[in-house]
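Heads up: the structure comes next, in structure tokens.
All chains are identified by letter, namely A, B, C and D, in their written order; residue positions are counted from 1 within each chain.
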Amino acid sequence: MLPGSVASHVVLGAPDIVVLSLPEFAEQARRISRASGLPLMVDADHGYGNALNVRRTVEELEAAGVAALTIEDTLLPRRFGGPEAELIPREEFAGKLRAALDARVDPQLAIVGRSGSLQRAGLDEAVERVRVASACGVDAIFILGTRTLAEVEALYAAATVPLVLNMAPGSRDELAAKGVRIILQGNLPYFVAMQALYDAYRFIKNGGMPEDLRDQALKPELQAAALAEADYATWARDYLGPTKEPS
Amino acid sequence: MLPGSVASHVVLGAPDIVVLSLPEFAEQARRISRASGLPLMVDADHGYGNALNVRRTVEELEAAGVAALTIEDTLLPRRFGGPEAELIPREEFAGKLRAALDARVDPQLAIVGRSGSLQRAGLDEAVERVRVASACGVDAIFILGTRTLAEVEALYAAATVPLVLNMAPGSRDELAAKGVRIILQGNLPYFVAMQALYDAYRFIKNGGMPEDLRDQALKPELQAAALAEADYATWARDYLGPTKEPS
Amino acid sequence: MLPGSVASHVVLGAPDIVVLSLPEFAEQARRISRASGLPLMVDADHGYGNALNVRRTVEELEAAGVAALTIEDTLLPRRFGGPEAELIPREEFAGKLRAALDARVDPQLAIVGRSGSLQRAGLDEAVERVRVASACGVDAIFILGTRTLAEVEALYAAATVPLVLNMAPGSRDELAAKGVRIILQGNLPYFVAMQALYDAYRFIKNGGMPEDLRDQALKPELQAAALAEADYATWARDYLGPTKEPS
Amino acid sequence: MLPGSVASHVVLGAPDIVVLSLPEFAEQARRISRASGLPLMVDADHGYGNALNVRRTVEELEAAGVAALTIEDTLLPRRFGGPEAELIPREEFAGKLRAALDARVDPQLAIVGRSGSLQRAGLDEAVERVRVASACGVDAIFILGTRTLAEVEALYAAATVPLVLNMAPGSRDELAAKGVRIILQGNLPYFVAMQALYDAYRFIKNGGMPEDLRDQALKPELQAAALAEADYATWARDYLGPTKEPS
């Protein structure tokens, strides 16, 4: 899962307020899908504009190799004089989801409707958003901020497709029984890596010897895997010939 | 310092064999210089082709906001049927350095001649490369793989500009007295961050609770600094008006 | 002048409805400024989002080498259920212009406030928009659709900086006397080139010999200028050595 | 067909000497394939480096949506102290072609071996290059500079796949009987458009009225087609609702 917030940080060093643009986000998705065989779901925020921009968002992210993307019902970026976050009307959300579904070429690309309505407008509105997204034909529905199993049950009762959650108010078995197929695990691993990087730089800045970091550094066999070294060695031998040292 | 190897890994997940292209490298430099006020030196490898490509390399990296860049005398990418690394002739190196110097617009952009000749052809050749680079008018010379103070002394005797090293065969004072102004500290911090990321993902994959990673994650005050949160909050207040919650 | 409409066509083959993104627009501006010494003004539309996005717009376009950019007071992209074009409130326009002015690094980058208010809300509103933009400290004000000299006079009376127009209701001298410094000439040359391309392709498709197009093609001396051939020949000789034919 | 020379001109205003990089070339290919349903063949030059770079070239161009690409046996960019163009050895050419074929994901992507050997080394060498490319399993072979039907016959006798030519020493029927399936028509239409653009700008610079260019400009119905206006109008109505004018 590539969240918009992490992409915004990695690319711009900016908070999660949609100063990142679609091609920058798609480029980050492409970097990941190019280097990995794992299916990648990405948080495409509001689709980078209105429903016509949603079409482009789907086209660019499909070309970038993602397996799934979410389109949400939040007004982004923040409106002049407005609150941090507002819901767009149901009809506008439906227009965006239909645009996304129509724009995909590969039917295996999963389009997920994502809604912040539970937190911002309560369960009844969230249930209506589930109905709207289901009626559009999305492949899954992502409801943010579920706090009770009863909520999950009510949401799934209105859904014709599986649920994605970011909060897990129950065991995996309980949630699976209520249609939940994916539970996001948050972004802490990214920030763990950032703290480790900070500590390593500070260690050197304070006079530490870089070599003393070696025990904490990526193990050679993992580094070889991360760099696809075996693939490149094979390709080099097959296409460039054996390495000869100069005489 | 942005090494080519780290850029290649971050962008492509590829080893350091110049499958990364100039715009991809420049984009990575731009991401760093956009988010940071620290002067950034970058490893521009061989200048991404011949001396005409070196011109473009300097133009694109200058536009990307770098403070210094190195151009090296290695034949890249690896030649068909050739060894892992070969030196280009002195005259070709000189042509590249002159092209780089002529292409910069801002005279404060530092052009550094980088040579692998000490390791590959011995001290006498390295001394000649220092003379060549000095005669071209570079701002500094980076010699890879120095192992003794005597080597550094011999190299500096042939130089008219300061030295950059990646290996420190002496104390800082000793090296400073022999013209050394920058000693690179290697890439281990990057790989420390990668190991920390790997461990965090593995922890979650093995059933760990993400919240239990919070103590290892970037502290909130560092995260706020990394995301320039204070700047964005000020700008949001100044240009978008105070946040109002919907009534 | 690079209009948003032409950029959208060149990059995407799309109409002028802001499906083009900021990095794509900036890349197009960079292509032009890289190849030309002429000052380039660009139509940055609404600044690609809210006032925080305007900041990025200015940063990216300044890095792309533009000499001037316009930020307009139109709600873009089109609102769900809304008309083709709406004005944003004066205060929001002011926030965007102040954001743009604060974001530039080089004070020689000209920030131009652009308003569609004359066409959409009448002269009184347009005069107010001129006051707002002047008070923000923009370098010039671009009012679309002026039809009479009296309008221009009323607008300039409210301005503290020069005017840019896209319609010229008077002679150059008359308009210059009323503060007009730039009159845009529209995009027809672009579409003239497109018709010529279409005709040339159709000629070949219908069995014509490509050589018979040579008289209509760019003259060799212009082609040499367009390709900077003299520069590249000099650089090749200086940095790569004289061309030797293989024996 | 997107030639490297035209791409270099459009993106950089530079001559055809490979100062353009792979991502810039791929981006140009993507612009075309995004806007058009016609199969696009592109001139991928030497594959932007050695055979490992050829792999990336194929990956990026396949992602950009091209239908066919050519990889040629010219040493690019020009070697220091070398002639304008040199052939790479047959074995190196074979390594590049095998790398290209292995790197494609979609077997419908056509990989074309392109050789300048006829002009630079004569018919016997060209025949050998045809054998090499055929043995690698390419989908077609592109031989530059054929001047007689006898040459075409000799080349096709060594080939196991169809030929592509840029010069047509015979009628279409004669060439088709000798395995020729594509004859490139050169780049003159591009330069016809450039001359038309130049003339239109000069007309305005000399005081002409832009409106007087309208008769030469792209006809409205062609412009509507070029901009996919009908598609966008349908999408706008379907996803954004009917346009309402403000009351």
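Basically, contacts are C-beta pairs under 8 Å (C-beta built on N, C-alpha and C of every residue); 3 or more make two chains touch, one makes a residue touch a chain.
Small disclaimer: the values here were computed from a predicted structure and weren't measured.
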item	value
Shared chain contacts [subunit B and subunit C, defined touch]	A, D
Contact-richer chain pair (by C-beta pairs counted) among C-D and A-C	C-D
Rounded Å distance between subunit A and subunit C, as computed from the means of their C-alpha atoms	35
Gap in Å, rounded to a whole number, between the CA centres of subunit D and subunit C	30
Contacts with 2+ other chains: residues of subunit C	12, 17, 34, 50-52, 55, 78-81, 91, 95, 232, 236, 240-241
Overall pattern in which the protein chains touch one another (line/ring/star/complete/other)	complete
Contact set on subunit C toward subunit A in their complex	12, 17-19, 21-24, 48-53, 55-56, 77-81, 88-89, 91-92, 95
Residues of subunit A touching subunit B in the complex	9-15, 17, 31, 34-36, 78-84, 86, 185-186, 188-201, 204, 210-211, 213-214, 216-219, 222-223, 226-229, 232, 236, 240-246
Subunit A to subunit D touching residues, read off their complex	30, 34, 50-52, 54-55, 59, 63-65, 91, 95-96, 98-99, 102, 232, 235-236, 238-241
